[in-house]
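Two complexes come next, and they have one chain in common, chain A, joined by chain B in the first and chain C in the second.
And now, the complex of A and B:
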């Protein structure tokens, strides 16, 4: 089979990149100061915190599961981190926060993989549980934690790329490599693609299902710690729209919610698209409520175009491995 | 010569056989009509053609699936459509039902030219399909399924007439002597009953032609008998049936005529009463088959490799003990539901066991997960190829290497696509899996080739003990033979095989010893000595 690289088929299989280019072009013309180094850095900064979680969530979705509890976990960790850092020091705080993230993931994972509970229900319950915990923890008040050293680290940049964005890029690379080049990654695809077949091939399906949540819990708490360092604060509200934004980015990138297919690269483009869209609309100074309307409409449009194209395209016989 | 033109890629028919096939052609004048359709039309006052597919061609990418195929079906007959997998049967039927569009050719139904764009149109045009994969909604009732897509409604509010439809469904079921509750959920039905609902659905839409694709594959003997009664009943009512099956005996039981396809060509159409199994097989494979089974020296096996002692599973298997030897094929016979697959699953760690001991090479081992089974060098080729054996969306190579990814990894534990492709290509060659590439989705392979991929999975992990559950189900004659040869080669290499099969001839031809199951128990274990008769085994299988 020879590889055809004509423009038409590129558009069909990469709607998201085309859509991204279109919107970048559109905003460059219409929104003042959109296409400046400053603003591009700004966009990268905006997508980085959630983007880190998006990559971990991509693993979960490929493995056939997803997790709603990350949104309240993020808020809770920012509170926990700021509080503990004040009381016990930064390093113990980081360690405890990472452990809490891991444990939450482990708990979710055990319930889903061992007790065969539905992930939607488990993580919905966990979401409410953690949210409640976070609210009781500080009575709903935000925590302030001004620490110049941490702040300048988190808000700093290296080679003109913000620290947080470095984390984003490293997570991207790591997840990409894991999914594509490791046994773990392959088994995640197999588990998400068809758990019965995977089990009948002697794959430890339960372990992989569990690990999906563990990784996600851990990565979420890393992201939350960075966030509270950058904003010098902890707040129960941080991350409240995390789940939705992250899943929007993943799906718009073209990873199927059905599991078994998708990639970190797709999530990268999807997340970038969402970042550009949000930033551009802000720059156009459209009323906030209308911004939401437009965002929703555009998301649906892009995804439907992708779906329509996929249906038109004859199913690929040769799989890209 | 009307029959078997040798444009196939199969080896030319040897002289001796050619003589025979010429005689065959002369002996069966009806063959000619397919190639000279006008003859047939002249006779149409006697036997009217309901379906006439003429010069149908279809190309997928670089492969020509159908090449000017003619297919004529008479009104009210049961017409077998035969051919190996990949011969083009399904493609032809998908063109008939509008799933695919033909590149060339015309379709006439009752003299009128038709061109269906989808299955909805073909259903309205009187063509009903009952496919292997049952297309029913499990959470709806039998009636709801039978009327799915064409619910009967009344009044301005288009209120659904449940009662009327239920009555109609019940009446219909009664008319074909089949008992079924019109309000029962489909998820509670047996496979045979589900099939009936599908047939009912086809008939509720006033189908005049019904295509049955491998209807008996999942059925028990008793259910097959019932199905045949219904098929005859439908025939009496003037409904035309196109019957696709790999079980040639069935063709002789219920079909009037048979059309053979090979490599996308229509080879011939024969009157079933005037042909025999050997001839049909010859037409299908393009060469004469010595027999259905390759010869095998029985009874030459080595020391025990696997011993199962006093195995119980919750509520089903009772006190199962059996021994498998090196180089042995152990046949597991018994009726469907007698516990054969359950033994396989228990040994493979897929199901929970209550108690019981496993010994491998004399050493006691615990097998309570599929991982442990794999570690103990056991491999299972499950009964349900598409839902348990293969991830159909994945490529051949991904399916093969999943059992042992470690072997695919380089030094740093990094998966190497090259290594993976190389491994897959080795098995593609050794097992002669027909595919253009190791990156082909397994979904696109024929049943026989898919089964080879499942086998390759376990060979890749070097499994010494292979459990094959209905290894040749839904596979065409040629591929079956290849699977048999493969099994014989594997045991020759010192592997041990447990073969579960519902086809006694298969068990008799290949097994060194035969274990007979009945209701969760081992009834008997016999050596397969030359004088052993099927009746000797069946009496135990029946209790």
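And now, the complex of A and C:
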């Protein structure tokens, strides 16, 4: 009886893992070649570039903020990297791109934390500003940088795991450890949960709010550089769906958009779930329009189940109390 | 909760059955990643490609490349792993195509490039390309502009396609090649229309009207979806193109373009037939699968692109898109 209850409560608290297991099982049966080393590697590779940003965005959302400008920043950095790499060399290009990412995050962070501006408005404005800058920089033209060494690095693998997936896993581990075991992490939760209480408890809320954006800007630059290396190109269009894809993975994983709760582990599962879903539907050879209908329906269902479970849990707690 | 779970499982069951059923076909299977699946031009292209594939015993699966080379790379890697007989690749941008073309070449699977050209560094390695000569299309538009404005010249508004795409870049390049030779022609506005979207084109044209009123003589639209938005904005502002002497030329020759030509308020369209292009793309892929075209042949299955005006519209009505 106890075992049954334990399993039930596991299911209720981990809908995303259960849904992932169900989908993996069903795709394994229905989609030829789904459960192969090649395809699993492929899925990991597919989720890695955006997944790296998803972990940094998780910190922001837990801290009670989010950033719409990452999509434009990614496009701009890919252009900047390819252009500078050609003109000044790879390492200066990497340094400048990382600095631009940090600076963008810092500007967003300062406006939100010091000037108390709304993050939605600030990052929306920054999104437009950076996109305009990117279009001005190259006149709307994409850039290429066919460098075989960089391309092999970004498309290569180490211990059968793609290079970019290593970056994804390292970012996951780093964000998980920071959020779970450091004072910085605890203060991010406190800032996002209730900034007033956090401030009263001595947390420098403004500093943490600012750092959320700085980290996100930096990590987005890393991801954009990797994307440029992978494609040997830069384009203002790259990453145009980044913000929505990343937030979808975070929310489906169970991190609350209200801030104060969530984890890198949840984002990992959410991102992996989306990767499995997209890959599985393609392998089922379903036409794009139907794929979108099915993806949307499944995402709504999974989030609904998670929300219903969470509400029931709260209701039960209230009744018990 | 139980109901939701039941719905989820039922959906999965349907997917599983659909997947199994699709996997059993005996026909040749071709995978098509369309970078701009939702663009108005691509709907008739997809339909024509699907119909032509069916007529030729090919099962075509079309997916949405989301205008992003990294998404397309992931899709193509999955398709290679699935063992498709052929692949059709509609590149999001030429620069981002290097890694994708290399991946396709390494796979040994016959493929066709459609609509937009790949990067020059890999252009000689491909089987072939099915699509228009975008520079020539732009030059035809530019020549119409020069001829119609005559010695007096005038002011020109350019509503360009999505930034960073081969058609947008080259159609504008071709247009500028011609008009830049005439000092009496001044381009007063040249902006990209994101996603080749009619609604965005309408909104941008409203901005043009706010800034310049009707003080321009010629509007160059990169496709008829964009022209449709432009025309709607002019109509909403009470500007009659015929009365105010504003001449517009687009590309495509879809129903809106033809209606404009017949109605006397749209001078003409450089033909770009989505149907022809879709059919040529599938035919090229079939020829590659049959061994008639080989890697490195880089053949061009060229779409015809005459200027369609009131003089010859009857000949081309219904074959645009």
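In this text, the second predicted complex is superposed on the first by the 308 of 321 C-alpha atoms of A that agree within 3 Å, B and C clash if a C-alpha of one lies under 4 Å from a C-alpha of the other, contacts with A are read in each partner's own complex, and residues count from 1 in each chain.
Methods note: contacts are C-beta pairs under 8 Å (C-beta built on N, C-alpha and C of every residue); 3 or more make two chains touch, one makes a residue touch a chain.
For clarity, every value in this text was computed on a predicted model and none was experimentally measured.
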First (chain B), second (chain C), both or neither touched by A:256: neither
Partner chain in contact with A:200 - chain B first, chain C second, else both or neither: first
First, second, both or neither for A:182, with chain B first and chain C second: first
Chain B versus chain C as contact partner of A:147, first or second or both or neither: neither
Touched partner set for A:157, first chain B, second chain C, both or neither: neither
Which partner reaches more residues of chain A (counting touched residues only), chain B or chain C: C
Which superposed partner A:13 touches (first chain B, second chain C, both, neither): neither
Which of chain B and chain C A:190 touches, first, second, both or neither: first
Contact footprint of chain C on chain A as seen in their complex: 19, 22-23, 26-27, 29-33, 36, 38-39, 42, 45-46, 49, 82, 135, 140-144, 146, 151, 155, 227, 230-241, 279, 281-288, 291-292, 294, 297-298, 301-302, 304-305, 308-309, 312
Chain A residues within the chain B interface of the complex: 1, 180-183, 185-187, 189-190, 193-194, 196-204, 260-261, 315-321
Residues of chain C defined as touching chain A within the complex: 1, 4-5, 7-9, 11-13, 15-20, 22-23, 29, 34, 37, 59, 61-64, 66-70, 73-75, 77-79, 81-83, 92-99, 119, 121, 160, 162-164, 168-169, 192
List of chain B residues in touch with chain A within their complex: 61, 348, 350, 369-371, 373-375, 380, 382, 387-395, 397-398, 402-403, 405-406, 409, 413-415, 417, 420-421, 436-437, 439-441, 444, 457, 461
